[in-house]
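First up is the structure itself, then whatever we jot down about it.
All chains are identified by letter, namely A, B, C and D, in their written order; residue positions are counted from 1 within each chain.
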Amino acid sequence: MINKVVASAEEACRGIQSGMTIMLGGFGLCGIPENCISELVKLKINNLTCISNNAGVDDFGLGFLLQQRQIKKMVSSYVGENDEFERQMLSGELEVDLIPQGSLAERCRAAGAGIPAFYTPAGYGTEVGEGKEVRIFNGKPHILEEALTADYAIVKAWKGDKTGNLIFKGTARNFNPAMAMAGKITIAEVEELVEPGELDPNQIHVPGIFIQKIFEGDSYEKRIEQRTTRKKD
Amino acid sequence: MALDKNGIAKRIAQELQDRWYVNLGIGIPTLVANHIPEEISVDFQSENGILGMGPFPFEGEEDADLINAGKQTITALPGAVYFDSATSFAMIRGQHVQLTVLGAMEVSENGDIANWKIPGKMVKGMGGAMDLVASADNIIVAMMHTNKKGESKLLKQCSLPLTGVGCVKKVVTNLAVLDVTKEGFKLIERAPGVSVEEIKKATEGN
Amino acid sequence: MINKVVASAEEACRGIQSGMTIMLGGFGLCGIPENCISELVKLKINNLTCISNNAGVDDFGLGFLLQQRQIKKMVSSYVGENDEFERQMLSGELEVDLIPQGSLAERCRAAGAGIPAFYTPAGYGTEVGEGKEVRIFNGKPHILEEALTADYAIVKAWKGDKTGNLIFKGTARNFNPAMAMAGKITIAEVEELVEPGELDPNQIHVPGIFIQKIFEGDSYEKRIEQRTTRKKD
Amino acid sequence: MALDKNGIAKRIAQELQDRWYVNLGIGIPTLVANHIPEEISVDFQSENGILGMGPFPFEGEEDADLINAGKQTITALPGAVYFDSATSFAMIRGQHVQLTVLGAMEVSENGDIANWKIPGKMVKGMGGAMDLVASADNIIVAMMHTNKKGESKLLKQCSLPLTGVGCVKKVVTNLAVLDVTKEGFKLIERAPGVSVEEIKKATEGN
C-alpha cells in the first residue's frame, strides 16, 4: 500500500502558494475542510482562486479567507450568505465566476476522469451559455462545458485510511468526491484516520488513488448554518 | 380570496403523481412536502445529495452532516440514500427526477424563467436552478402572481436575465393555475373567489 | 418510499420484446444477471441488440442467447471466449460493434447523466475514431463519443432494498452501476432483497431512483471463468 | 542469451518507482507483479474494478465475485478498494495510474501500437487497451522482439490496425530495452549475451 499520511494540516498545505487555484469541498458549511482552511489563513498567502460551491459565512468556512482578503476570485454556484463577500464583490475587489451547480460538479469530475469537455443543457440561452458552442442533440440545444482543474483540491471526509481511501457521512459528501478527482494534488482531511484494511473495500467512496496527502484533523466545529427543527408531539 | 403561500403549496401537491421523484426548491416549494396526498408515494430529492428526505429533526437531534439544499437540518426516511453532487445532477440532468417545483421572479408566455439575477443588485448565484430547469420534463413554478409593486410576474417576455428557456410547463400563483402552451398562458383554474378579470389584469403575458 | 418490487424474473422481463436494445451488466461471467438471462431464453424473443462488455461463454451467460440465435447485434469491448459467437460473427449472422471498454462505460454513464456527448482520447487515430469528430484539447487530439442508451438495462447486485437501492460485492460491480443509470427501464436482480432502511444510506452504490423493477433471483451459479489459485506453503 | 518471458517481466519491474499505481495487461505484463523490488510500494489496478490487487487465492478460497481483467480469480490486499467500470476508466483516462504495461503485436518507431486486430481473423476486441494507451503518460510494451515467423515486431510503421498513436515510450523484449524517441527506437540495454547486430537485424524500425 502506498502511504499518504502527513502529520498535520501544516504539512499537508506546504506547497500551496499565493496565486494558485484551490478547490475546496463542501456544500454550505457541511463537509468543508475546516483544518486546512485555518491553515491557509495562517499561511497568509493571497491572490487565490477558490473553486467551491459556496463561499462560507462571515465568520466560518471560506469567510475566514475573505476577511483576510486572501481570495482574488471565487468560482461558485451560490454565494448568498456572506456580507463581507457581498461588500468585496460589489466594490470590485473580488472577481466572481458563477457556474450552475450541476455543471460545476460535472466539470470537476470530468477533469479527474480525463474528459476535457462535454455537452450539457444547463445554461443554454442564458448568460452562462454566452460565447460557448451550442449543439443540438435529440432535438435539444446543449452547450459545451470544459473540465475544471486546480493546483490543489482540499476535501474533508468522515473516515480515511492511510492509503487515502475515503468514506463520507450523510450529505457531507457533496462536492468532495468530484473535487478529490480533479486536483493536480489532492489533500484529504478526515475525522478519523485508520489503518489500511480497516475500511470495507466495498464501501469506499473515494479510492485512495485520487489522494496525495491525508491527515486526521485536530478539531471539527461542524457548524450548522440553518438549524431547523420540529417539536415532539 | 387569493391563496396564501401554504395554499399555493397545497394546490401544487395535487399535481404530484404516485411513484414520482420530486425536487422542491427553496421557499413556497418546500411547503409542498407538507401536503402530499396520503394515497400516493413520492420521494424527495435534494440536490446537495439525498433521496428520501424526511421532515426537520426533533430539537436536539440535528446533525451537521445532514442538510438539504437550503442548508437546513433535515432527517432521512427509511430507504434514503446519500450521494455526491455529480451523481445528484446526473439524476437531474438524466431526467430521473419526474418533477421540479421552484420559485421565480418572472415567467414568460413561452415558458422562459428568470429567478437568479437582478442587474445592479447583489447576485447570489443560480445554485442548481439552471440545471434543474434545463433538464426536467416537468417544471411547476410556485410564486405570487405579482411583485411587491403590484407588477405582473407573468410576462410576454422576461425582463431579467434568464435561468432557462422555454422550460416552464405550469405556474401556480396566489390567483390562479396556468399552463404554458404554444399559445401562451392558459387559465386552468382560479383561486376561490378570484375573477377572470382580476387574473387577466394581473397577467401581462397572453 | 416508492416500491419497485416484482415477484420474479418473469414479471420483471415482461415488456421486453424482439428487436429491442438491452444492456446487461457484468464483466466476463462476474456480476451478470443470470436469472433474467434465463428468462430471456424462455421468452424466445429475438433480433436483440445486446450491449454488454463481454458475450459470455458457450454454455453460460449471454452464450445461452447466442445458442438460440436470439441476438442480432452485440455491442461489446471484448468477445474472445465463445466459439458459437466466433462462428456467428465470421459467418456474418451476427453484427458486432466493438467499443473501447472505458468509452463503453462512460457512454452508459453519460446517457444516465443527461450528457449527450463527451470528448475522449481513447480510439483517436484508430478504426474506432473513423468518422468521428476530432478536437484538440490541451494539445492532445480527442474524439467525440455519444451517450449510449437502451430500451432495458438489466443489472445484478448483491443486496437491494424494495425501493431499488443496490449494493455490489467485490469486482461484480463493474458495468452494473453505469448501465443501471442508462436504461429507459432498468431491472435489478439481487441475491438478497431487504426492507427499506436495512441498508446503510451511506453505503449504497446505486440509488433506487435509477431502478424501475427489482426482484430476488431464485438461484445463482456464479460460475468462475478462470480459476487461478496458488498452493499453501 | 535472450530473456524468457519471466526475464522480460523482471526487467520491466526495475522500471517501477515507489508510490506508483500500475496497470498490468494480460500475458507477460501480469508476471511483472512477481518481481517488484522489496524497497518500493506500488499498487496494482485492474480495470474491471479493483485497486490493491493481491496474488491468486489459495485453493478452495476462490471468490467468483473477485476477479481481475483477465477473468482470473484474485485476492485483495489490505487497503484495497472496489469500484465500477466508469470510475475505473476515470482513473486511467485521468492519468491517475502512473504506468501501464501491456503486450503488443507491433510497435512502430514513432510509438504507434497495434495489439487488437488481425484483418481476416477472429477479432476479439480491444477491451480496455485503447483507453489505456491513449491515456497513460507512461507506457511500456512487453513482447518478444520477433513474431513466430521470425519477423520484426518493431517496425517503421505498423501494418496492423492501430490501438493507439504515438503513445509507447519504452519497449522491453527478449533481446533488448529500447526507448521510443523522436529519432525512433533508441537501444538502451541489451539482454545478456545479445549483440547489437542481433538486435539491429531483428528490428525493422530505426
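Assume contacts are C-beta pairs under 8 Å (C-beta built on N, C-alpha and C of every residue); 3 or more make two chains touch, one makes a residue touch a chain.
Predicted model, so just to flag it, every value in this text is computed and none were measured.
When the interfaces B-C and C-D are ranked by C-beta pairs in contact, the top one is C-D. Between chain A and chain C the centroid-to-centroid distance comes to 33 Å (mean Cα coordinates, whole Å). Centre-to-centre separation between chain B and chain C, using Cα means, comes to 36 Å. Distance between chain centres (mean CA atoms), chain A to chain B: 27 Å.
Of all residues in chain B, those touching 2 or more other chains are 50, 76, 82-83, 86, 89, 92-93, 135, listed in ascending order. Under the contact definition stated at the top, the residues of chain C that touch 2 or more other chains are 106, 109, 113-115, 120-121, 168-170, 202.
Pairwise chain contacts in this structure: A-B, A-C, A-D, B-C, C-D. Residues of chain B that touch chain A in their complex: 46-50, 55-74, 76, 82-86, 88-89, 92-93, 112, 117, 122-131, 134-135, 161-166. Of all the residues in chain C, the ones that touch chain B in their complex are 1-3, 109, 111-115, 161-163, 165, 181, 195-197, 201-202, 204, 207-210. If you check the complex, the residues on chain A that touch chain C are 106, 110, 113-121, 135, 137-138, 142, 146, 167-170, 202-203. Put simply, chain D touches chain A in their complex at residues 19, 21, 41-43, 45, 50-52, 76-83, 86-87, 89-97, 135.
On the chain C side of its complex with chain D, the touching residues are 27-31, 53, 76-81, 86, 89-90, 96, 98, 100-106, 108-109, 120-128, 158, 168-178, 205, 222-232.
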